[in-house]
Every structure is written in structure tokens, then in C-alpha cells.
Amino acid sequence: MRAYLNGNEAVAAAVRLARAEVVAAYPITPQSTIVEKIAEYIADGSMEADYIRVESEHAALAACYGSAVTGTRVFTATSSQGLAYMFEMLPYVSGCRVPMVMAVANRGLAAPWTIWADHQDAIACRDTGWIQLYVETAQEALDTCLQAYKIAAHPEVLTPVMVCLDGYVLSHTEEIVDVPDQEAVDRFLPPYRPEYSVDTQRPYVFGVGAGPDLYPAFKYYQQQAMLRAKEVIKEVDREFQAHFQRSYGGLVDPYYCHDAAVVLVVMGATAGTAREVVDYLRRQGEAVGLLRLRSFRPFPVEDLRAALTRARVVAVLDRDCSFGYEGVLATEIKAALAGLPVQPQVAGFIGGLGGRDISQEDLAGIFRHCLEAVRRQDRGEKQVINGDWQK
Amino acid sequence: MLAEGDLRKGPNLATPCLSTTTGSWRLVRPVLDPGRCHNCLNCWLFCPEGCFTRGERIVSLNLDFCKGCGICVAECPRQALALVEEGSNDARLLER
Amino acid sequence: MLQIRWHGRGGQGAVTAARIFGLAAALYGGRYAQSFPSFGTERRGAPVTAFTRLDNRPIRDRSQIYNPDYVVVLDATLLESTDVFAGLAAGGMVLINAGREMAAGQVRAGARVYYLDATRLAREVLGAPIVNTAMVAALAGATGLLSLEAVEKAIADVLPEGLAAKNIGVARQAFALAKGLIEKEAVAGAG
Amino acid sequence: MVKIKELPDVELVQGSYACAGCGGILAVRMALKVLGPETVIVTTPSCLLGVTTFYPQLAFKVPCVNVTFPSTAAAVSGVVAGLKCRGKKGVRVVGLAGDGGTVDIGLQALSGAIERGDNFIFICYDNEAYMNTGVQRSGATPLGARTTTTPVGSVGRGEERPKKDMLGIVAAHNIPYAATASIGYPQDYLTKVQKAMQVEGPAYIQVLSPCPPGWGYPSELTVKLARLAVQTGQWPLAEYENGRLTVKEIAHRRPLRDYLAPQARFAHLPG
């Protein structure tokens, strides 16, 4: 059914379609309308779920964890400070290998106080063992939530998934969304039935303590599962396409990368604006391309290398900063490309912090700057720009 | 060590699972004088480790998990229990 | 690509207007649409903007709207505090809810400006000065971007049942008023 | 009223790594005698978690869900909701935390869960300090007690503040049932556990659980001190039920010295 929904409504629709059974969440802008909509669904009887009205985000994730280990499909959502407040629970859930889906309406971290979009909140949780998928449209937000339930519960993955959507830019922007039929979703996504769960007939301890002899083994297999998730994310995306005729490329989403001298790497909704700019510059005869990184964790090193191997300059636009160094994506992409026979130069840019708009002119400026570097045969080690803090 | 299949699924394991009997921690052990026991069950009730078994007339002791804390001795109203040093007391025991 | 900016005050329904217009175009007007509020918290009474984009192909641009083709002002008192003409594209149109009948196209800052007493209309039909649906319909009528049918369906989708019926009533009048005025102007211009 | 002789034989927690004479594990063992096998425990990094669920020594015979320190009661809510979804009726969900995980870092989550009216029992085994981390003071540490963060020196005289009135805090939530108990009064304690099981909605029990290394006394005195705390008026056995608070009368109060003297944590107090 075609509907006109914003990103948050699309997520709520997905959660209903996924038949989530327990939802625990605490309001925070710009996430709140997701769980308000879910509460509305429950109130009007169109969704059967228990909504636990917790007193904090930390409790939200603890409650989701408690429900999930009983063998229940759960959902939560948060943003920014709320995600930061959850931080302690994040590795607990991933370490216990509890599948669940959390939507993150990305927003900057205070101070200064902000309610607007950037990726600092989720990036700061990079190493908590959650899969992080960043979406470009409301449609992708809906579809990715459905995919995420399948990815998370895959027996070789068993890892929770964050579905990240830019605050306001996606969360509060309405557009046409194709909402799949319940029957079709049921065919794609079977009920969640883990191998074991809280059961007095077959008691388990969830989250045992482990000493130095054992802890690394659990972490080793957690890493194996995360690496395996790279294939599973692609498989699930292909399967999704077979069911719904929509696909997002799995881990990365390249756009005119094959012959581009300059490729811009972004995550999230900025990719849409960047596509317009790539089209415009292509019409001007410039060899530019775009690579949207969909999966930040697991990090798709192989796919990035394959897509960027012909680029002369790779421009990376981070909506985050690792203070004292540079944008996190820039660092990671440099590392991913290190050792290629012909290594593209990586130029890091930081932009769109705290909701600062990323306009077509901003992106065209990055492309032009990097095209100029290519023309100058500038293969110097220094970054072309690292952080025009106005943008 | 756990099997790979267990490790893959995370640190969630079937319980109970006891690799040691904590009775090995014990420096002293309680001994029961059956003649004095009136089956009041204080020892059974207050033993943190659940080492006592109720019987028809008297309790009996399983020392697998006994850490020798002495609570049973302290709570026995009829001095039917006493603590003796581990490994040195069989003779003294018999004397009683 | 056509871009619309809606000006109102918190509580007047500018955000809903942007949505109704986008929904009407997307689901009942054969176009692609995107709508969004000015990002942030909406405080009752404070100036609020909202935006709608329309196109014949999928809309990918996620940046803010700087150069609207159309500006709709739900509350004329905003003219004193807000530059509603800011960035208006050449040949653009501004539609203002003001306490007089819709006048023939005046030109200001290079744009055609129209006035409509949507407040009176809303008071008469709705019994309350809520003008967002009237202004949606007026823009549709004035520009021909949407059919009245599309506007009506969108109102029925977005507003609760009881409210929708009355708002459709307002929309019909506002649509006819605006359409008639533009046609009259065209005839006058041709003459 | 619980009859001690009718308690079941089965031990639902056994083989833990608790210290010899641990009052906490005794409190849990006793409670499980009444709670029975249809119980799910939710617990938090604490002595209890460390000694019962650290592989390869898993001591519970009932399911146990471990969660972060501040979140015991929130995870309890999740387990309750999940079991309801799965149609598992008649399973009791019991939050177990020490005084730190209850009256301090766990207070917010506990308040939330009680206020939501979720159906669970929360048992705080109160040993009056953070024992797992090495005897630091908590909000439940009594006035004058020496801990590693309230040391005694030429200036310091131990804990400077009285114990937090947790029962009062819990009662202020209009909780259906709340009580204090002592492992020195098992019949009273276990009857309270039984009442908590019969209540629809949240129930709270704070059971005094002496700690031999933390309090500094020989391990055989655990139960005696739990009894003396009550007999000297240091630990009232109270019950909040139907909106009313009642306190068990102590007929012959014993001198406070009897309770304080055996404990190293009070050794600096004047005789």
C-alpha cells in the first residue's frame, strides 16, 4: 500500500509489520514519534504488543533484553543522549548475543545542547558490538527494520541491530512509502523462536561471568559472527528483493563509482542530495561518483576496496568527529584502502554537525576541490581539507 | 572448556553446572553426635550451602559443599554439632 | 522541482498544511512529494515554517529549501517579524491569509502576491480560525498543482473523521475562490 | 504462615562460591525454598552474581537473567512482559540485588517498575555496604560503620549518615506489599516471601544478610548477628500491607553493645 509517511512513521509501520511483541522505550527528540505511533497502534488494537513505559533509556534496553531472553521479539528506539545513557546496556545485549532491533534517530551529543542531526551518537557506540545500518530514505528505514529483525536473529549472527536514520532529515520528513502487506512480511519474516530461552523446565543463566580463560573465546566468536554478518546482510537484502522487489545493495550502495576519479563517501540521507550533485557534475562531464556506506558495523572493507579501487581521490564526509584526530569514517576508509596497489588519496571532511544543513552547493564544493586535486596530480599525504567547521 | 557450539551462542549456559565441590575450601568440619540430635532442623535451615538432609529422627550431613562456616554448630541448641580440624580428627571423633 | 514554504505560528497547522499538500500530490496527484517541518520543537505562537517539495521524479534532495517557488502565509501578522519573501524564486507566488478578499496579483519583491481571508472562511465553516486546510486548497486552486478532489482526499486521510468533513467544506470554498480569482486575472490580462 | 518442617528438600541454589557463612546466599537459599522451581531470577553484578553464575560454577537450578548494575528491576519488567507474551503463567519473576543494586544505583529502575505495577518480587539482600567491590559504603550502611570509603582515622569516625529508609521509599509508591526481614527470623522472613508471592503486583522484601568479611566477625555468627540486629532494635521487622505499616514488637530489647561488639566495623565506637 502506498502511504505518505515520515521516517519515524515508516519505522513504526515496520515494527508493527514485524509483529514486535514487547516495546520498551523512553521519549527523546527526534525519536519520540516512533514510539508514540507504536503506542497509538497498540491503543487502537492494530498491534498486539506490550509497551513497557520505562523510566529511562537504560531501563528501556534492560527491559528489552529481559523480554528478548524469554524468546520475544522486541523493539526500542532512541537518539543522542538517550543512546549515550543506554551505553552500558549496549555491549551487554550484544555480548549476550540477544537479537533485537533499535531505531536510532541520529542526533548530535551535547554540549552545546542540540536536538538536530549528526552521527556522533551512534558512531560513539561503534565498538559496542551492535550492527549499525544507516538508511537514506523513509522507505529504506521501513525495509531495513524488517531486514534487521532477520539479520539479528540469523543463527550465525545473533547480534542486535541499530537502524540509524538522520534526525529530522529523515525522521520528520514525509514522502511516499510503499508499506508491504502483512502476509508478505509474514512470509519474509517468521516469528522469533530462539534455540533456548527463559524456561523453568530447562534453566539457563543469561550472561554468565567468564574469566580470562573463557572471556576471549566468547569475544572471538562474537567477532566471527559480526564478520559473518557481512554476508548475511547481503543475503537478507537479496531475499528481501525477491519478496518485495526492493534492494539496497547490502553493505554499500555505489552510485557511478565504476569510472569515477573522485568518489564521495557518506552515510545516511546526505546520499540523496549527493546523487543530485553527482548527476549534475556528470552532466558537466566530471568523473564523479558516490558511495553510500549502509553498514558501518560490520565494516565492509572488501566491498569498499572493490568500489573505490579506481578512484584517485576518495572524499569522506563525516557527520561526526573523533576529537583529537579526525572524522571516524575518514580514518576507517584510509585503513581499509591501505595496501591497495594504487592507493587513492583519502580526503576527510567534517560537516553537517548538530543539524547544519548539507546543501548541494556544499557537496559540489567538495567534489570540485577534489577534482582540482586530481588535476594537479596532487597525491600528497595531507588531507585536502579536514573539517570546514562552518559546514 | 566449552564446546564451540556453546561459545558461538554467547555466554548463556545451562544451569546448574558445578565444576568443583566447594567442600574443598574447608579447614574445619562439622561433626554430628547422633545421640544429641533432636531433629530441630536449625542446622538444616541455617546452613548457607544446604549440606544437611532431614531424616526420620536425626539430620545427616553431606560435606560436598560444606565450607566449615560453623553456623550449624552455633545454631544447634543441643551441642550436637562440633567443629573439628580437617584431616586430623578421626580418632578424636571416635572418642566422643 | 517545485518548492513551497509555509509560514505560520505554532498551533496554526502549518506543518499539517505542508503534509496535506505533499500527501495530496503524492497519493492523489500523480507526483512525487516530500514535506518537512522546520526542524526543531514547535512552540505555540512562535513563528513556524514548513516545506513541501513536488516533482515528477523521485525526490532525492535532502537539503533545506532556500529558494521556494511558492510561499504560503497562514497569519499576516508574521509579515512584521518574518521576511516571508526571503529567497523567493523569480516569478514566484506568495499567498497570504489576510483580513480582506483575495486581490488581483500584486507584485512585490518580484513575486505575485495574493490575499485571501481564510480566517473568515474558517470561522464561518469550521467555527474556528484554523486556516491550514483553506490555505492548502487556495494554493491548489491558485496554482492548479492539485485537483480539488486530491485536496479533499488528503484532508480526509490526515485529519480525524469529524474534523475532515468540515475542513473539506472550507477547502472547497477556498479552492473555488482562488481558482476563480486567477482565472479572472488571466482573462483581464488577456483583455 | 510458613511451616519450617514443611519446606521442601530440594536445594535450588547449591555449590556457590559464596564466602563461608555468607548471609546473602543463605537469604537466597531460604527464599527459594518458598519460591519454588517455577521461579526466574533476575540479578545484577554483585556478590550474588559473582558466586552463583560465574562459569564454570553455575549454582542455580532455576533460570537466571543477569543484567547491568542499575537495571535489575527494568530487566524484571522485561522478563515479566516476555513471559506474558509467551503465555507462561505461574512463573514468578524475582529481582535479587544487594543494597547497592537496590537502594543506590538500582533505585531508579526499582521505582519505575513498582510504579508501573508490574507483577514481581524484589528481594534486597542487605549487607549494608558494597561487598563485591571490597566493602565500600552504600546508602544502606548504618551510622558509624567503618567501610573502606568511610575509614576510621584521626578524623574519620566511620559512616556519618544514618541508613537510608528504603522501606519508607518503597511504601511511598503505594506498593501492595513491602517488608523488612532478617535471616535470623526465618519463619517471619519466609512468611513474608510467601505473602509477596500471593500479592498481585510488585512486592518488596529487604532482608538483613550479615557478611562475615565485610562486617568483620567470625563466620559462625552470621545468624546470631542477624538475630541480634533485631533484638537490639537496630533492624526492625516491619511490614507494609494494605497501606499500613506494622513493626514486630521486641519484648526484651537487648543492649546495643551485644550487636556491635562482635563486629570489627564498629570496633572504634566507645565501649
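We just call them A, B, C and D in the order they show up, numbering each chain from 1.
Simple rule for what comes next: contacts are C-beta pairs under 8 Å (C-beta built on N, C-alpha and C of every residue); 3 or more make two chains touch, one makes a residue touch a chain.
These are the chains along with the protein names UniProt gives them: A = Oxalate oxidoreductase subunit alpha; B = 4Fe-4S binding domain protein; C = NADH-dependent phenylglyoxylate dehydrogenase subunit gamma; D = Oxalate oxidoreductase subunit beta.
What you see is a predicted model, and the numbers here were worked out from it, not measured in a lab.
Novice: Drop subunit C from the picture, leave everything else in place, and list the groups of chains that still touch each other.
Specialist: one piece
Novice: Taking each chain's centre as the mean of its CA atoms, which one is most distant from subunit D?
Specialist: Farthest chain from subunit D, going by C-alpha centroids: C.
Novice: With contacts counted as defined, which of the two, A-D or A-C, has more C-beta pairs across the interface?
Specialist: The comparison resolves to A-D.
Novice: In whole angstrom, what separates the CA-based centres of subunit A and subunit D?
Specialist: From the centre of subunit A to the centre of subunit D is 42 Å.
Novice: Whole-Å distance, subunit B (4Fe-4S binding domain protein) centre to subunit C centre, using C-alpha means?
Specialist: Here subunit B (4Fe-4S binding domain protein) and subunit C have centroids separated by 82 Å.
Novice: Taking the mean of the CA coordinates per chain, how far is subunit C from subunit D in Å?
Specialist: Each chain reduced to its C-alpha mean, subunit C and subunit D end up 64 Å apart.
Novice: Measuring from the mean C-alpha position of subunit A to the mean C-alpha position of subunit C, what distance in angstrom results?
Specialist: Roughly 35 Å separates the two chain centres.
Novice: Two or more other chains in contact with one residue: find those residues in subunit B (4Fe-4S binding domain protein).
Specialist: Only 2, 11, 13-16 qualify.
Novice: Send over the residues of subunit C in touch with two or more other chains.
Specialist: Nothing qualifies.
Novice: For subunit D, which residues are shared contacts with two or more other chains?
Specialist: Where subunit D meets two or more other chains at a single residue, that happens at 53, 55, 58, 60-64.
Novice: Which word fits how the chains touch one another: line, ring, star, complete or other?
Specialist: Graph shape here is other: it fits none of the named patterns.
Novice: According to the definition already given, which pairs of chains are in contact?
Specialist: A-B, A-C, A-D, B-D
Novice: Contact residues on subunit B (4Fe-4S binding domain protein) for subunit D in the complex?
Specialist: Residues 2, 11, 13-22, 25-26, 41, 45-50, 53-54, 64-65, 67-71, 73-75 of subunit B (4Fe-4S binding domain protein) touch subunit D in their complex.
Novice: Within the complex, which stretch of subunit D touches subunit B (4Fe-4S binding domain protein)?
Specialist: Residues in contact with subunit B (4Fe-4S binding domain protein): 4-5, 7, 9, 11, 13-23, 25-26, 29-30, 53, 55-64, 183, 186, 212, 218-224.
Novice: Where on subunit A does subunit B (4Fe-4S binding domain protein) make contact in their complex?
Specialist: Against subunit B (4Fe-4S binding domain protein), the touching part of subunit A is residues 69, 95-98, 156, 158, 195-196, 202-208, 210, 213-214, 217-218, 220-222, 224-225.
Novice: Can you name the residues of subunit D that touch subunit A in the complex?
Specialist: So the residues of subunit D touching subunit A come out as 37-40, 42, 49-50, 53-55, 58, 60-68, 70-71, 73-86, 88, 91, 108-109, 111-112, 115-116.
Novice: Which residues of subunit A touch subunit D in their complex?
Specialist: 21-22, 24, 50, 52-56, 58-60, 62-72, 74, 88-89, 92, 197-200, 203-211, 214
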